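Multiple structures follow.
Look for subunit A in each of the two complexes below; its partner is subunit B in the first and subunit C in the second.
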Partner chain A sequence: MEAKENRERTDSLSESLKKPLPKILRAERRGRVLTYVSSWVLILILFSLIMFITSKGSSTFLDGEVQLANFFSTTWNPGEYQFGALSFILGSLIVSVCAALVSAPLGIGAAIFMTEIAPNWGRKILQPATEILVGIPSVVYGFIGLSVIVPFIRENVGGLGFGLLAGIIVLSIMILPTIVSVSVDTLQAVPNHIRQGSIALGATRWQTISRLLIRTSLPGLMTGVVLGMARAFGEALAVQMVIGNAPNLPFQLLEPMSTLTSVITLNMGNTVQGSAYQDVLWSMALVLLLMTLLFIVLIRWMTKRSDLSS
Partner chain B sequence: MSEKIVVRDFNLYYGEKQALIDNNLIIERNKVTALIGPSGCGKSTFLRSINRMNDLIPGVRTSGTIEIDGQNIYGEEQDLVLLRKNVGMVFQQPNPFPLSIYDNIAYGPRIHGFNDKKKLDEIVETTLKQANLWEEVKDRLHTSALGLSGGQQQRLVIARVLAVQPDVILMDEPASALDPIATERLEELIDYLKKSYTIVIVTHNMQQAARVSDMTAFYLNGEIIEYTETNLLFTNPSDQRTEDYISGRFG
Partner chain C sequence: MNAKTKDKIATVVFYLITLIIVATLLGLLGVILTNGIQVIDWEFVTEGPGSILTGGGGVGPQLFNSFYLLILTMIITIPLGLGGGIYMAEYAKPSRMTQVLRTSIEVLSSLPSIVVGLFGLLVFVQYTGWGYSLAAGALALTVFNLPLMVRIVEQSLSAVPREQKEAALALGITHWQTILRVLLPAALPGIVTGTILAAGRVFGEAAALMFTAGMTTPMIDFTDWDPTSPFSPLNPFRPASTLAVHIWKTNAEGLAVDAQDIMAGSAALLVIAVLIFNLGARWLGRLIQTRLTSSSK
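== the complex of A and B ==
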């Protein structure tokens, strides 16, 4: 009796295993449709954004409103149809490269401290600290820069306080957590037996760090620095609050200057739609987009190289 | 026959837990000494005590002495860099650095302040020859060491150890990640190296201990149960627990 029941149960089980239930098939199809739709929506949004900015940004020149030579000059006087944006392009580049140069040693040093020197309490204190730094909105950084750093520079270094130096200081603090967290991840990815192999050869801890760990994780560390630079490059609000916003070439630490982002945010609302002035702002946005793309390509290339070496 | 490493009343604690209990052992020069025993019996812990790699683990305490050439390595004046240069170590997993083959070998001499390019070339060639790897890699010294097979990597690591001119080599289950052919080549290498070095090897594989070693110590729960010539230990163990272990009744 029991044996028969058992057999019946296995029969029905093997029956149902032969062909999947329609319910399962329907769920499968629904899941697939959902993921397909979301990814296509994402691609569509991205492409239309790029198309939009590209067409807006390039029409300035295609329509013959503004000559390329005019755009890439250093004279900025929109009232006179002088739309030289070179100072802003250079401004963006110099302020972000300098901020990364300041931040890189600090950030990588802190990451080494957290992973190699004092993993326990280093992580307990520095990890939350960097997370908080990420969470602070950029307007707060700008406000602190405006009310603390700018007056400090004015009183102790000279000039108005607004300018390249203030921008570098604010941005380097803002991108520090990016560099720290990418560096920490990279260093932690180095397997422990590598460190042990080095120590067992008689290397000191500092030799192990400087000759082996930094060398093997260099691509990852550089990725962090470039990511930080990209973030600095795209930051608008905080920079605009401390940089001074004068159309000067960015070669004086204490002189007010401008970046692409600060010019766009300051003038976007004040220009007439379709005017040459606004079109030039779109062209600057296009330059920003292209530069960011370049950063991403750079990062991709670096991470690919680090994959090969590990 | 002479004494290379003398262990006296050596105890080691991980926090509250005692991992090694009253170890006494005399390891002879230019011999291969095997440490066998079930997992967690303390044989690897003991091995790592000989170059003080256990110092890296927080909460480790020791008592007793380990003397190498008459000098207590747990003495106050012991220089750890010098100790680890003199007592090389080969790990369970081959651990080449993610550098070129050449830079792997040159790493040790360089950290000890040796930078003469010509001399380094020479060291790389001789140690790779000693480790029986030269013929296989001489044309690609400047390619990544991670491209080598597991067995080649383990021989590279041995060459890397030889490059700092140690006189003791510790091996922690060096063949456990290797296939039988690579294992055989490694065992031949060990046999060749013992002419110039004192070798202590931890192994899970009793046939391997029987093949490569001159002396064998049987560990159980942190104690050395029996320590004698390998032939004797495997054919005529004096302790019942040793016999049970080598005949496969536990472990």
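== the complex of A and C ==
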């Protein structure tokens, strides 16, 4: 009698031991669901962002409020219903391409210095320097541009000071850290035996750098430059503060001009909601979004190429 | 020119480039701090803005708003970022969904902040009917900060040695328990450092806030701490301009007689805050690291 009871007890015990505690299982499932939900939030945010900006930006044209030809012209005169945004699109493009051109040699040079010439102390100085440059808020860059660079240009180069040149200088400092950090990563990924082989053949350091390192890592270096360009393209406040904000075509270094971001930041707050003027600003935001997506596609394509070549 | 001379010239050029960059940084910091320090005093940090005609006053409410908005943003971002990061590091299988998620993170983190701000204006300001408010600003900043946060958590978790995870699983505890009890503590220094650095970025952000949290601060009463009262500094549904937005607006309006001083002082405050965030992040990360490893005996 007692033996049987005992066996029953051990049986049920072994049964329950075979299964994990339901409490633990529940926690396991809950954790999984929680993390799953938070990652879906990300996707949801991105898709609603694209959807909202696209529908708001394209309705300007779909409602027939403003013709596409009007939008892609160069005459900007909202009072007369002239909403030509082409000079702003060109302005954004030119200022960011020029900033990248100024910043690329400096950034890549600094990266080479950190990896090839003085890996120890060079890195100890430049690494924190670029990190601080990243951390400085963009309005502060704008303020520096306003109080140092603009007066300097006005007194030493000519013009009002506000304009393309000031914008290029401010943006090229802002995107420098991006170019440096991507370039450092790329150069470090070049296998050491390539350097050793070159030195063993009697090449100088500069020959090794210019003929081997830069060539093997070119796709990666270019990715950094394009990333910097994308950052410059989307930068709003620092540019707005130094660019001059006149609806001119952006072909004179010392003339005030405008970019997509500067026009949006200046006018979105003080135009009437639902007016054609504000709807055009939303269309400019859509152009900005599309250009950013284009930059991302370009960067993806380039990263794929650099993965293939290494 | 022979190869040796070329090599020497190139070396000199690289040194020059480094010099230019370091000099630019030092010059930047020098200008900001020397201009700003003259303006900053106790009154500037605590008082509200003075009259635009007579000047004076300070940026007390703006400074408070910056910190309060940062806290609100972090309350939303940290749990979501932890969830997303854990999912990416531990649960995501190489599937289509993971690929979509990875691309989304990449796209979100490279969107210009002004676009994020405009999205916030459409959804959090107009659609919800809150108007310009701290809550709308915090949500916009979340959009801006979340992808970075997810990446920080994912990278810190992936850097934990594989053996620690395997040992935990071999002891028979479940995957979720392993994540909570083994992986997260081990990844904590990296997560803390990254989070504070991200916080520094949020602190100086302005473009995403201009059209979400607004560009003005209404009268607030610093003796009223009831979050539902419209004059309370804690009310999340009041408009609030942060320090960075205040700089931009002071310049764009150009009305105040002492605009230059206001901007110089606020810029110096921002930069000092960012430097403190930067150093603090490193220091705290290292502190947690030593606490967790050496003094755990």
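Basically, the second predicted complex is superposed on the first by the 283 of 310 C-alpha atoms of A that agree within 3 Å, B and C clash if a C-alpha of one lies under 4 Å from a C-alpha of the other, contacts with A are read in each partner's own complex, and residues count from 1 in each chain.
Basically, a contact is a pair of C-beta atoms (placed from the backbone, for glycine too) under 8 Å apart; a residue touches a chain by one contact, two chains touch by 3 or more.
Here the structure is a predicted model, which is why all the values come from computation and not from measurement.
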item: Touched partner set for A:T216, first subunit B, second subunit C, both or neither; value: first
item: Partner chain in contact with A:M268 - subunit B first, subunit C second, else both or neither; value: second
item: Subunit B versus subunit C, judged by how many residues of subunit A each one touches; value: C
item: First (subunit B), second (subunit C), both or neither touched by A:Q207; value: both
item: Partner chain in contact with A:F152 - subunit B first, subunit C second, else both or neither; value: neither
item: A:S198 touches, of subunit B and subunit C: first, second, both or neither?; value: first
item: Footprint overlap on subunit A, where subunit B in one structure and subunit C in the other make contact; value: 203-204, 207
item: Footprint of subunit C on subunit A - complex, ascending; value: 20, 24-25, 27-28, 30-32, 34-39, 41-43, 45-49, 52-53, 56, 105-106, 109-110, 112-113, 117, 122, 125-126, 129-133, 135-140, 142-144, 146-148, 173, 176, 203-207, 209-210, 227, 230, 233-237, 240-241, 261, 264-266, 268-269, 282, 285, 288-289, 292-293, 295-296
item: Residue ranges of subunit C in contact with subunit A within the complex; value: 3-4, 6-7, 9-11, 13-15, 17-18, 20-22, 24-25, 28-29, 31-32, 35, 79-84, 86-88, 90-92, 100-101, 104-108, 110-116, 118-119, 121-123, 143, 146-147, 150, 174-177, 179-180, 197, 200-201, 203-207, 210-211, 215, 244-245, 247-248, 251-252, 260, 263-264, 267, 270-271, 274-275, 277-278
item: Touching residues (chain side subunit B, partner subunit A) in the complex; value: 51, 53, 56, 80-85, 88-89, 91, 93, 95, 97-99, 107-108, 110-112, 144, 146, 157, 160-161, 164
item: Parts of subunit A lying in touch with subunit B, wherever the complex brings them together; value: 191, 193-194, 196-204, 207, 211-212, 215-216, 309-310
